[in-house]
Amino acid sequence: MTGGPLLEVQGVTKRFGGLLANDQVSFTVGGGEIVSIIGPNGAGKSTLFNCITGFYRPDAGRVLYQGREITRLGADRICKLGIARTFQIVQIISDMTVLENVMTGAFLRSARSAAARERAADILRFTGLSEKRDAAATSLTIADKKRLEVSMALATRPRLLMLDEAMAGLTPVELQEMIALIRKVRESGITLVVVEHVMEAVMELSDRVVVINSGKKVVEGRPEAVVVNPEVVQAYLGERYRAGR
Amino acid sequence: MSDQLLQQIVNSLLIGSVYSLVAIGLTLIWGVMNIINFAHGDFLMLGMFAAFWAYTLFGVDPLFSIPLCAVFLFLLGAAIYRFIVSKVMTGPVLAQLVVTFGVSIFLANLAVMLWTPDFRLIEKPLLAGTWTLGAVQLSVPKFVASVGSVLVSAAIYLFLKRAKTGKAILAVEMNRDAALLMGINTERINTLSFGLGAALVGIAGAFLAMYYYIYPQVGGLFGLISFCIVALGGFGSIEGAFIAGILIGFVQTLGGYFFDPAYKYAIVFLVYLITVWIRPKGLLGW
Amino acid sequence: MRAFTPSRIAVPAVALLLLILFPLVARGSFPMHVMIMVFLFAMMGVAWNIMGGFAGMFSFGQAAFFGIGAYTSSYLLTAHHISPWIGMVAGGGAAAVAAAAIGIPCSNLRGHYFAIASIAFAEIVRIHFNNWKLIGAAEGLTLPMLDESFRNFMFHSTKAPYYYILLGFLILSLLVCAWVSTSRMGFYFRAIKESHEVAKVLGINFVRYRLAAIVLSAFLTAMAGTFYAQYILYLDPESVLILPISVQVVLVAMLGGAGSLMGPVIGAAILLPISEMTRVWLGYKGTGSDMMIYGTLIMLISVYQPKGVWGLLSGLGRRQA
């Protein structure tokens, strides 16, 4: 990775009427890292995601991607620049097959159907959904739907992939598979920012953790350090982690 | 302010308040069931005809036909929901949009078959004539219709906010699943709301019958305008429907006065399109 | 992409052959008229599908584009002696401009909101044309009786040339629709139909693509309008710019199966003969009973076969994971 950080979030603030959802949140993400954003429900994590990826416009602050300001760009422009994301509630295209869904993502970089199809097939091999390529997207299990959503995002050739609660609702086996997939994505050269509640995944995957509570950044650092930070423990993690692992 | 302008403002309020009542009925149905009742204008037409026949056959003045129209349209609306509309609620959105078109076409042409396309008018309503208040000519039937509509709108508003059933309706409007969990029979609420929405517009029909021409196709334009009013006020919002109804009364009357009477409805639709561009969910909608 | 299996080629080929031979065996001009109406609404249904079935913009205002196409070419012919073929392109262009004008304010509207906006738009057009002296206002516009020829786009002795021209238009529309559905545009339309979030997250400028869908749909619908004008040789706002025409277009697409290529053709083939025949047998009495049957039919279709005939057939083929 050349030069400075891949993503810089500087003092991002977002209000909804009287509610201050994000309050001067700042952090950076370097190329090749996996950064997790954790915090209690309602802390403002998804709002932050939306502000970074162009679904909301921040009331104050800046977002810089590869040194370039993207704060006021629309979500589709940001995707074209190389930031892809998934949603808490899986967003896939219902009346298409698995392959067609991924093709729709691939079309961003390849105008022609044949090229898009080929790229989509490659992605499905990468994410392990090849066998289900002709299935109706709606017929997949929740774990496979999440995998599909990741595939669609990967098809847009991102340098930064942001996952919003990718682990939610997964069984322990599915969890391990998703963790493995995320590692595979990082190994292919993509930087990841993930919002997560599932602490096992956060501990296993993250290079750094950013903790958000009530709209503010509480602390950031290596997972082991964050986990024993008294403020974080008190607000969020509960007694059993403090008892020492 | 010129006398003519004052007259136009009064006219705006007169027609606007009746529009509001029509729109409130429509927004109730939309809010509860997420379905646009394209037959709404035809319910109005049936209300008008009910008042007309009560007058012609039994000498009942439209003012006293109001309960009759309300009950008749309530039952009709409930039946249409129960036997036709409820069956498409789980289907594709397109089917929901189209089914009430079918009801509309059926009802309008049923009226043609039963009563011919001729224009009818109630010749001697009880409340007739014109009051002169300074520079303004106030047609008595229009005034009664207008005040009546406002009273009925207020009554339905209070019913929804205070009465147990009314609050149940609002609950379903806001969050159907939560209402179900609270033990509210949402299917019954649907039927009730459709009937109530129809009853409201039936009452509006009785009011309009006091001075408006009555004919099978009369529902068409009223229906379209009420869709615009509801969309303008925000689907599901009673307050929005009321305010937007008055607003559209102004747009129509003043637009026709300042620009060209032949274009007054086009102006209404244009204003609607511009507003919905700026605020897609309407003024007060969710 | 489904493979070109024998049945996939044989069935359409046989159907096409039958359609080509039909005028040779048809007796009298009424069956030809019915088929022409079938083709006309099939074409408009295909055009509707592009914005409605694929992109999820359920337009109930297609009559506006139909009327703009019809009036543009007819006015150019009547007042300026411009060939209807050129007029047809001009009509398509005019409709495309109108489509862009309505598409921009409506670019954020979905479902019911969009439907109502499309009705409001069509009504504005109808009211304006009803009062516009240049094109005859409510009295209408009569096309001049020119010598019958392909060049004049006018035939008096037989309906057969009209039949074949419109069949050609229909096939053209189907080809356009097929191309759209397998291209990037088609995929993007379907993403837009799903939700604006999905579209945005895949880098799609949904405003631009929504506009493209409406403009394309409008152009084809306007072409149908020009054909209609040349066929009937008389236009007035109450015949071409009214809501029932828009509703019929939606019905045709819905009955056949919204979002499927051949759906509107099937839908038109079922619906138009019924509506034409009830109109002839019952409509002349003025009792409205033909329309009552039509209304009942609409209700039945919505309740019992909302996914359309094509949906029924293709549902049997979809694999499950």
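In order of appearance the chains are A, B and C, and numbering begins at 1 in each one.
Everything below uses one rule, namely that a residue touches a chain if its C-beta (ideal position, glycine included) is under 8 Å from a C-beta of that chain, and two chains touch if they have at least 3 such contacts.
On a predicted model such as this, the values are computed, not experimentally measured, just so you know.
> List every chain that touches both subunit B and subunit C.
The common neighbours do not exist; no chain touches both.
> Give me the ID of the chain with the smallest distance between its Cα centroid and the all-protein Cα centroid.
C
> Mind naming the chain pair that shares the most C-beta pairs in contact?
Greatest number of C-beta pairs in contact occurs for B-C.
> Measuring from the mean C-alpha position of subunit B to the mean C-alpha position of subunit C, what distance in angstrom results?
32
> Quick one: subunit A and subunit B, Cα centre-to-centre, how many Å?
About 48 Å, centre to centre.
> Return the distance between the CA-based centres of subunit A and subunit C, expressed in whole Å.
44
> Along subunit A, where are the residues that touch subunit C in the complex?
That would be residues 53-55, 74-76, 79-80, 84-87, 91-96, 98, 100, 103-105, 107-108, 111-113, 116, 132, 134-136, 139-141, 144, 152-153, 156 of subunit A.
> Once bound in the complex, which stretches of subunit B touch subunit C?
Those in contact with subunit C are residues 30, 34, 36, 84, 87-88, 91-99, 101-113, 117, 216, 220, 224, 227-228, 231, 235, 260, 262-263, 265-266, 269-270, 272-274, 276-277, 280.
> What does subunit C use to touch subunit B in their complex?
52, 58, 60, 102, 104-106, 108-109, 111-113, 115-117, 119-121, 123-124, 127-128, 130-131, 243-244, 247, 250-251, 254, 258, 286-289, 291-292, 294-299, 301-303, 306-307
> What residues on subunit C touch subunit A, complex-wise?
182-184, 187-188, 190-191, 193-195, 197-206, 259, 318-321
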